[in-house]
Amino acid sequence: MTVSTPLISIQHVTKRFPGVVALKDVSFEILPGELHAIVGENGAGKSTLMKILSGVIPDFEGQLSLRQEPITFRGTRDAEAAGISIIHQELNLVENLSAAANIFLGREKRKFLGFLDDRAMERAAEVLLTQLECHIHPRQLVRELRVGDQQLVEIAKALSLETDILIMDEPTSALTESEVARLFRVIERLRKQGVTILYISHKLDEVFRLADRITVLRDGKVVRTLQRTETNPREITHLMVGREIEAVDLGAPRQPGEVILQVQDLSLPWQGHARAWRLRNISFSLRKGEILGIAGLMGAGRTELLECLFGSSPELPGGQIILDGRPVRFTNPAAAKQAGIALVTEDRKRLGLFANMNVRENITMCTLLEATRVGLVNGGRERAMAQGIVEKLNVRTSGVEAAITNLSGGNQQKTIIGRWLLVKPKVLLLDDPTRGVDVGAKAELYRLMDQLCREGLGIIVTSSELPELLTLCDRILVLCEGRLTAEFSRQEATEQRIMEAATQRQSVVTG
Amino acid sequence: MKSMVPNPSRAPALLDYIRRPFNRSESGLLLAIVVVGLLTMVADSQHVYWYRPKGSIQDILRQTAMLGIFSLGAAIVIISGGIDLSAGSMIAFSGTVCATLMLLIQPDSFDPRIASPLRPGVVALGICGTLVVGLLVGSFHAWLITVVDLPPFVATLATLVGLRSLARAMIENVTKLVYGGAGSTQIQIHDDQFLEMTASVPLRVAIFLALAGVAWLLLSRTVTGRHLYAMGGNEIAARLSGIRTDGLKWFAYCISAFLSSIAGILYIGEQATADPQTLGQGYELFAIAAAVVGGCSLKGGVGTIPGTVLGALFLRTVIDGVAKVIKSNAQVYEGLIVGAVVVVAVAFNQFREAGRRGKKFFGGALGWVTILNLTLFAGVLAAIFGQLTAMNAKTLGLVAGSVALVVVLLVRFLENRRRSEVKP
Amino acid sequence: MRGLMGYSCFIVVGLAITLLPLGCSNGGGSGGKRIILLTNGNSPFWDAGRAGMQEAEKDLGLQESGLRAIFEVNDSTPQGQIDKLRQYAAQTDVAGVCLSAVVAENQRVAELMRQLRKNGVPVLTFDSDVDREKMRDARFAYLGTDNYAGGKELGRCAKGLRPDGGAYVTFVGTTGAQNAMERVNGFGDGAGDRFKKLDNMGDDTDRTLARENVRNAMINHPEMNILVGIWSYNAPAIVHVVREKGNRKSYKVVVFDAEPLAIKEMAEGDIDAMVVQNPYRMGYDAVKLLKALIMDDQTTIKEMLPHDGQPDGDLYDTGLKVVIPDEGSPLKAEMFDKKTQLLKLSDFRKWLDKYGLTGS
């Protein structure tokens, strides 16, 4: 193998934020034409590094060199001009504009006199989208697209820049299997064209499929850069975490108790949509001490199902919900909470955290009444409540007064779970609880859920990671486009079967 | 990952106060108040603050208590994530309602020829009726916002315009009803006791402090207060945590209208007349300014009661300072100075909280225009009081303008130099 | 470092602000005590008043006596006037105050005026008095025109212009102001029962609204044939709209006060009669009387108020004029009160020039 000169050289890059050092003296090189994977736990610094490379963060210590010349970016435009573009993990699309408008946002094609040339943009967008095997019309509004298609629009946007360096930050996090396969074909095509790709992911199977070289970050430092052929997933995990992670073994199987929740013919209409129903005729039951998993693709209705149980769905669902033997009808989350149902939402930043507040306040938000005396909050009691949760769930924080935004993703998630545990619910609903949580914390969460179940809680958990469901759940329900298509017990469930049920178009499971 | 530091803009519990007496933003404001007071004492050619301290403090306290009462309402609504633009009109409306109720029950007190003293029961009824109306208006706001789904800006803008007009119509019709004739645009109050009671500074200050105390307790030590902050900080998360956000909004807007009602009653006593046309014009902006200077963020979820109290005190101190120093026709300059002060105070707060992402003050094309702006501003200001004090306006203007220009260019130069020094 | 940037900017702004007070303290030190004339709005009417005040300051040698005369304007609200009076009470360099009461029966204003008097500061009213039944003691005297008499003269103008009667609308700033109410009442009495009062429209010194009111009156009252301007700026507002609609022939226009614009409009034939007060004299004599009270100059006081102590002895009349166009006016001096002076426009202009005024 010829020794090629590095395309990008990252030298001694350090980035400090108030209260935390995100990157410490990071140095490594990227060779032209390679697919270079960057892996690490959450908080390792991957996103910060990519933001520096793409010009989003212009001030930092250290030096970047492109093609052996030192380079400074004052903003994303400079980076784009230098040939670097980035596909963000969190989609940066304007929902009310069309796909074509989004693709050319900031670089609109113009006619004479400076007017927008929509036709040219749509034509060019069409070409790009076809290359990505995406069959949407370029004039469709982004908010009407499925998440998978939205992500392809984001990719098309980066591709339209025709840069020779592409940064992809967790690109498959919201894609179905077939969409992922499609993306890999696109990546193959790009590589043939000589595009250099930086691929950030925590999914090691993808990394090992695509990458030439792998750089491992941990706690803001480079641990090592390796050739893919010279290593294996286990070693990489070890380097990421600093210790060996066993597959989580939860010990003896749980013994579920009596039925705590029964759902009959739950239906949720969908106004103005072709499908007419977000959920249709869902029936199942949940026992105490049982973990019930809900699998399905994006848009299958998993989150909506949990919302119906919690009273936060946009409309009242039809059908019956029976909690602890009594039929219930929740019109708002407060009523559900009162009855003993708790929901830990997905997207904790937007829906779960109070970013202005500290750990203690976030934990006690739902149960503050218990810490009051004569109507006034007793600081000591509140602190004790929060401290108790921090210890029970092993939340890593410098104290209950720390700002919640200082905690890592996994610890924030624990905080929110802790908030709901204080409510002493009968049923705990968890919507994709380990998303954005690093490997070590995931294992902790699994053990926590197991323990809670053994204490008598009934848990419903949704996830897009099938191995996770297989580890955790006693039973798994599969949703496909709003209908319940399969139900598996732990012994029956395999990834294959679940996927088949999740992608079916017809048959409904009975009984 | 350190920081045992409690986030300084959140409502601190009493222990925090004892532990950290110099909570930064509020002690800064206190310092600013003292500085402005001293500046006024010195710059005032009569040194009124020095020679008549008791009277001067009384004057400032009188005004602060009034502003403070309805600023508390503004702050609570802002902290809960909303905004209430109708405070001034609410003051006018509630003042009108109070006077109208008393007029209807005991009309001969308002007839200048008879002017019998108001029976205490009548006054009580008037006040209670007004407070009830305050709660009704607040509930109406809540209904518009939570049921009809209007943005708070729009809902309270509607009442800003509508209430005053309603009050004017009411007054004309009621006076026509009671006295016959063409009706009147105002109701004059003649009862000395009522006037004395509402004008009494100790009473006003006592009412204000009591209300502020209750509000502080509410926000910092009760569950409802915590939930208000939560809703202001992240409404969706609050709702999904089982907080009844609609009920909280009802509560917040009722408080705001209720406090404005109290202010309305005190104002008609102060002015000895209920004149809905002019009463409280523009006061809502002062209330919001007091809250914001005191540390509230218009995004919601941030702010404190002590901060708002200090904010009101600060604004009134500045206004009184302007009146004392520029003795005649001070109101001409009042707006200019208050505007500048609010900008500086809030920018100062922002500075401390966020740092500013490395943006230069005078960078780029906008920087050049700003340099022009500030230079002209300094020059024009200097020329104006050159006229006032019969110093040579032109030279003064040119000198001030040049000084400003030099300083600002220096800042820009330093900023640019610092930029290029970053890379080692 | 970044903090330094911020602070230096605050220095710039702070400089601009603090320069003001420091500068003023220089100017203020040399002044001496203040005689303050307080009015409710800006207009050429009060410009004439200001001219009178400045003339009196020179003529009467105020500076040698350690005084200076200041003209202040508050917004036309009760609170504004109350705040001003409070500030005067709080300061130690106010020697005398003469104000135009914004609302006649306001207790608080009267109370503050009494307080000033108790502190030894003489208080007068001009242009618009306080309620004469209950609050006479709040001020030493009232200077100005008897607004009721003025209204009556204007009513007589209307009668002279339309001997068969008519229907009118009055336009004013604050309908509750004492001078406004008196003028409107006087107009009704002077015109007589052949004239029907259709409306009394207030605009709260908003000149745009003043015009709107005229337009609305024309639409709402088709039988209206006389337009009556009560405050000084209502005259040009009326004429503007009449010219805009081109219906001069349908209306007689009679107004109070002579703003420069109104004078020009009468010369152009768009105003039929003006009842003119003498704000110049109000300003001049207010200063003169206040100085006399401050210096305890009993001679001057007796000279100005010979009937002091008798009923209405505290009212000082500054005189009324009725101005008519040079040609074609049916109005004659016999129609009016003996004390009122009837002038043709050109003679009035000569009188203005004598005092260096552009309006009255």
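Going by the order they are written in, the chains are A, B and C; count residues from 1 in each one.
Following the convention adopted for this analysis, a residue touches a chain if its C-beta (ideal position, glycine included) is under 8 Å from a C-beta of that chain, and two chains touch if they have at least 3 such contacts.
As the structure is a prediction and not an experimental result, all values here were calculated from the model.
Interface comparison, A-B against B-C: more C-beta pairs in contact at B-C. With centres computed as the average of Cα coordinates, no chain lies farther from chain B than A.
Between chain A and chain C, the centres computed from C-alpha atoms are 74 Å apart.
One finds 44 Å separating the Cα centroids of chain A and chain B. Chain B and chain C have CA centres that are 33 Å apart. Counting partner chains per residue, chain B shows two or more touched chains at residues 355, 358. Interface residues of chain C, counted against chain B in their complex, comprise 1-6, 8-29, 31, 34, 36, 70, 72-80, 82, 86-87, 90-93, 103, 105-109, 111, 131, 133-134, 174-176, 200, 202, 204.
Against chain B, in their complex, chain A makes its touches with residues 18-20, 58-59, 61, 63, 72, 310, 312, 332-334, 336-338, 343, 345, 350-358, 361, 365-366, 368-369, 372, 375-377, 379, 397-399, 401-403, 406-407, 419, 423. The touching residues of chain B, when paired with chain C in their complex, are 39-40, 42-46, 48, 51-52, 55-56, 59, 112-113, 115, 182, 184-186, 188-190, 192, 195, 199, 267, 270-273, 275, 277-279, 281, 321, 323-331, 333, 337, 340-341, 344, 347-348, 351, 355-356, 358, 360-361, 374, 377-378, 381-382, 385-386, 388-391, 396, 400, 403-404, 407-408, 410-411, 414-415, 418.
Every residue of chain B that touches chain A in the complex is listed here, in rising order: 1-7, 9-10, 13, 15, 217, 221-223, 226-227, 229-230, 233-234, 236-244, 301-302, 355, 358, 422-424.
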